[in-house]
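Written out below as structure tokens is the structure these notes cover.
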Amino acid sequence: DKLEDLREQGFARIAIANEPPFTSVASDGKVSGAGPDVAREVFKRLGIDDVEASISEYGAMIPSLQAGRVDAVTAGLFMKPERCAAVAYSQPILCDAEALLVPAGNPKGFESYADIAADDSATMGAPGGGTEEKLALDAGVPRDRVIVVPDAQSGLKMLQDGRIDVYSLPVLSLNDLLAKSGDSNLEVFAPVKDAPVYCDGAAFNQRDTDLRDAFDVELAKLKESGEFAAIIEPYGFSAEAAISTDRDTLCAQE
Amino acid sequence: MGDWAGYLTLILQGAWVTVKLTVMGCALALVVALIAGLGRVSHVAVLRWISTCYIEFFRGTSIFVQLFWIYFVLPMTGLWSPTPMQAGVMALGLNVGAYGAEVVRGAILAVPKDQYEACTAVNLTRYQKMRHIILPQALPLMLPTFGNNAIELLKATAVVSLISLSDMTFQAQIVRSQTGNTIFPFVTILILYFIMSLLISTGMRYLERRATRGLDGVR
Amino acid sequence: MIRVQDLRKSFGTLTVIDGLNFEVKKGEKLALIGPSGSGKTTILRILMTLETISGGRIEVAGEPLYHMQKNGAEVPANEAHLHKMRRHIGMVFQHFNLFPHKTVLQNITLAPMLTKGESRANADKRAGELLEMVGLSDKAGHMPSQLSGGQKQRVAIARALALNPEIMLFDEVTSALDPELVEEVLIVMKRLASETDMTMLLVTHEMSFASDFADRVLFFDKGKIVESGPPEQIFKNPQEERTRTFLRKIIAAGQHV
Amino acid sequence: MFWDWDFAISITPTLLQGLKITILATVLGAIVAAVLGLVFAILRRSTNRLISRTTGFVVEFIRGTPLLVQLYFIFYILPDFGLRLPPLTAGVIGMGLHYATYFSEVYRGGIESVARGQWEAARAGNLNPRQTWVHVILPQAIPPMIPAMANYLLAMFKETPLLTAITVMEMMSQARSVANTSYRYVEPMTLVGVFFLIISIFSVFGLRWLERKFGGRAR
Amino acid sequence: MIRVQDLRKSFGTLTVIDGLNFEVKKGEKLALIGPSGSGKTTILRILMTLETISGGRIEVAGEPLYHMQKNGAEVPANEAHLHKMRRHIGMVFQHFNLFPHKTVLQNITLAPMLTKGESRANADKRAGELLEMVGLSDKAGHMPSQLSGGQKQRVAIARALALNPEIMLFDEVTSALDPELVEEVLIVMKRLASETDMTMLLVTHEMSFASDFADRVLFFDKGKIVESGPPEQIFKNPQEERTRTFLRKIIAAGQHV
């Protein structure tokens, strides 16, 4: 039984992304951020004293889970039908809407992915394999105008250098990015019109549904007691958004 | 933007991972190179065959693909599930080892035919010939290229950041996204890589001098 | 001691030795002479098992060299058989082929220690005697690169002798040397020829030395023996036209015999 | 379910699209490397100490640090200094610069492989330096270089996946993009490996041919 | 034709030639003999401007070789001056140094066409005559790799002659050849010596050839001339002990003079 194994072992391995505020790494190397903090708390209540977080790129998370290299992913990996088919999600934890980072004053007036599709000369940056890439493609932005950017900082830099016209990430990610850059020539447009609000959950290997179910039980208690809100709201996430929806709804949402 | 000393420590932690990867990868590469290189010149056809396949396969595909297979595909077969460090060392060692094997083979073949014949004339066995005559002379020929291969391996460690191993390049990426500063982490690691490669080439030159001592004027 | 029967050797399509027959008696000193490319080196290399043969049969010390008995039939020799047969034979090369990473002493003692399991003390003692014989007692600790060509060749002779072979093969042992250094090697060889009863085969382009050294001279051309006999006969009174032409050219090029 | 043929076939056109970019980047990069390499080789032979030493340092530095980090530098940091290159251009320049350091060694080796007697015979024939280079040295120096150069071409080919980091959609990027949207990793990555292997194997035959034809030495 | 005054040459700390003086008259045939390492090759290489000198002065055809006049003072020669002076001199090397990527004909015509601006037709014609002279008319289209050593060396001689130098230098032109091939080269050289009035300097280890070829023999040791004179004197009646020892060794090694 997986849960027993983890208890014995004393820690669970989780994959996180290098994306504030979902995760953050302090200068002393300590991992925090909304995702890992919730996971740490829930696992503690399950009798697993510690989590061992490894930072992954988005593309590597699901393979890591499938290859059994990590026990869970808590990284802002939003629930979508294909993903729900590939992994076992817990109930929702962190919710965020999509946003666009654009030059100040939003000169091209982008408010939705369809706007970007309509402008033949516009190029958009998005992380490879992320939700934004998929939404943009679905909205009709051709493949060669969706630039796959390796990381948020590179996306910001490309926008500053004028290599792309717009960079899309979840609202809180962009806010954090913009704040750190201190660049007053840019602004965040949020939320993107016609784009659903997404929530992530802790993702488990599909063989580990028992562990997932145990996780859900403790997560529900945490939400009820209000401690959940206390953990995530300082990072800017809304507890209400996560509590008011559930996995089945989100997994059905295209 | 913060605490540079702390972030520098993060990068140095990554540098330590890079050093470990390089040292262990080189050790593995050396062993594999010797085995496969000797296999290539073996008189047993099967050994030659196996070595050739190994060498052509690992030189033929890109290290990214090898890393991916070892780290993600191998565990799915249920055989073995390496840690990132193990996967990194394995991919680097096997990849560079394949190049090294060709160096070993080249050096063995570069020992003049005369020396092989002199061994036959004094009736040494195949093993004695390799052990006492050929390898000691081939080694100095291999060292310079081995030095280059070690530097190649050091540089290749940067790709393990793709499998989330927190090496120096990966740590630089983290510092970059946590601080929003690009120049500081990248300049730092450029300098660190350069220092490491200088250490390797200096060390190799020292070894070369030692190995060729007394052989001056021979070639 | 050596019996060569119908020996054939080809490299690809080039037949270098074609139906060669000769015998060498124990203790005999034989000189092989002949034009470049006639196959002299090839014969020595075959006797030293550095080549394979394309046909024919060789016996050394009463046993077949490239064949062995297996279940009553004669089959091609395996490495173990060759290894055993090589104990009878030693060879000195044109380019010395010393081991450059070993000292003079180690060059001489390596093979006895490895192949005969001699103790270091014994091997060192014998090496000392051999170095004495070739006049290089003071060079035991030197590396080959510190020696002149003549000295290298004398070490190579000592190395071959260290294994006490019954047959010694010499392939143009002086032709890579500066003229001034040739003499010291020839002195050693002459002494060797007169003092031991080893069987010796010598390939050389130095006719006067061949004449001094050998009991019998074989004149080769195109992989065949054209003429054979004692040196006086071959050099002073050759029977074959081919031999006469060859000797004329050699003499025109400045050698005397 | 481990391997899905239909899926593999459906993604092949996308991957081939990437392969085109991969090959383009390799060929252009090799041209840059060949030209810059010659420049490095000539500057390093300069009798002006300052020029030869500086070039030597630059070459050692570029060779001692990872291409990945250099690419980041060229693509993300140079714009701060007013130089904004399109991704493919940046990639070609980065790879070209990196491999120029290897090519310069090849040039040096090729020139040194011409026997000293040839320089002397040219001098005895009273040829001037330009005539010596054109009629005697280069015609002999270039053929032995060809296999080594082809070898580096192959190495460059295998390093193109690094261009992912600077948003060039070469084959590996396409594969990852496919993998990221479909959550199927085994097929795209394996296909990429197979494409690499096929091209490498053909290149190896080509190389063997070149080596036979020009009788040079490999890496 | 050549005047060497107080010539000095060192390689690093090793002084190879130390205060050498000699003259060569126009048309004279000179043989340089002496033990290995005595500096014979070095002198020829200096005359061919393949080395630099460490001190002293050389005149060729009345002009300084390594010096030139500039504003009335004598200064070290520049490349242009050396280029001009080299027209007087040709050299044949021990290892032929043919251009392996050019045919026999191209080897011979390359330099005349490039340095003297000769037309291809003229150069080809002259090359044909020279090949005739060295007996290789049928090999014009061959590559050097298809020739034997003796043939290569004859091509090298033709190549050097093609520039019509007044002085020819030969450095052990037969010592890299198989003994049987030596003769064909020596025949060409002897013919050359008797038919032309070129000045020739020859380094050789073949005493009988030196004796046939030369008007005068210089015996070298350690970068100095020990003895010089006509061949009869040097070989039959040497004055110096050093010369006698050298010749004794050479003769013991099988050469006659």
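Letters A, B, C, D and E mark the chains in the order given here, with residues in each chain numbered from 1 onward.
What we mean here is this: contacts are C-beta pairs under 8 Å (C-beta built on N, C-alpha and C of every residue); 3 or more make two chains touch, one makes a residue touch a chain.
By chain, UniProt protein names: B = Ectoine/hydroxyectoine ABC transporter permease subunit EhuC; C, E = Ectoine/hydroxyectoine ABC transporter ATP-binding protein EhuA; D = Ectoine/hydroxyectoine ABC transporter permease subunit EhuD.
Because the structure is a prediction, the values reported are computed rather than measured.
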item	value
Longest centre-to-centre distance from chain E, chain (CA-based)	A
Cα-centroid distance, chain A relative to chain D, in whole angstrom	38
For chain A paired with chain E, centre-to-centre distance based on mean C-alpha positions, whole Å	84
Inter-centroid spacing, chain D versus chain C (mean Cα positions, whole Å)	52
Inter-centroid spacing, chain B versus chain A (mean Cα positions, whole Å)	37
Shared-contact residues (touching 2 or more other chains) in chain E	none
Residues of chain A touching at least two other chains	63, 157
Junction residues of chain D, two or more chains touched	76, 185
Chain pairs that touch, as defined at the top of this document	A-B, A-D, B-C, B-D, C-E, D-E
Chain D - residues contacting chain B, complex	2, 60-61, 63-70, 72-73, 76-77, 80, 158-159, 161-162, 172, 185-186, 189-190, 192-193, 196-197, 200-201, 204, 217-219
Complex contact set, residues of chain B against chain D	56-57, 59-65, 68-69, 72-73, 76, 99, 102, 106, 145, 151, 154-159, 169, 172, 182-183, 186, 189-190, 193-194, 196-198, 201
Chain D-touching residues of chain A, taken from the complex the two chains share	58-59, 62-63, 82-83, 85-86, 128-130, 133-134, 144, 147-150, 154, 157-158, 160-163
Residue numbers on chain C that touch chain B, as the complex places them	45, 48-50, 79, 83, 86-87, 89-91, 93, 95, 97-101, 110-111, 114-115, 143-145, 159-160, 163
Contacting residues of chain B [partner chain A, same complex]	1-3, 5-7, 9-10, 13, 71-73, 75-76, 81, 84, 162-164, 166, 170, 173-174, 176-180, 182
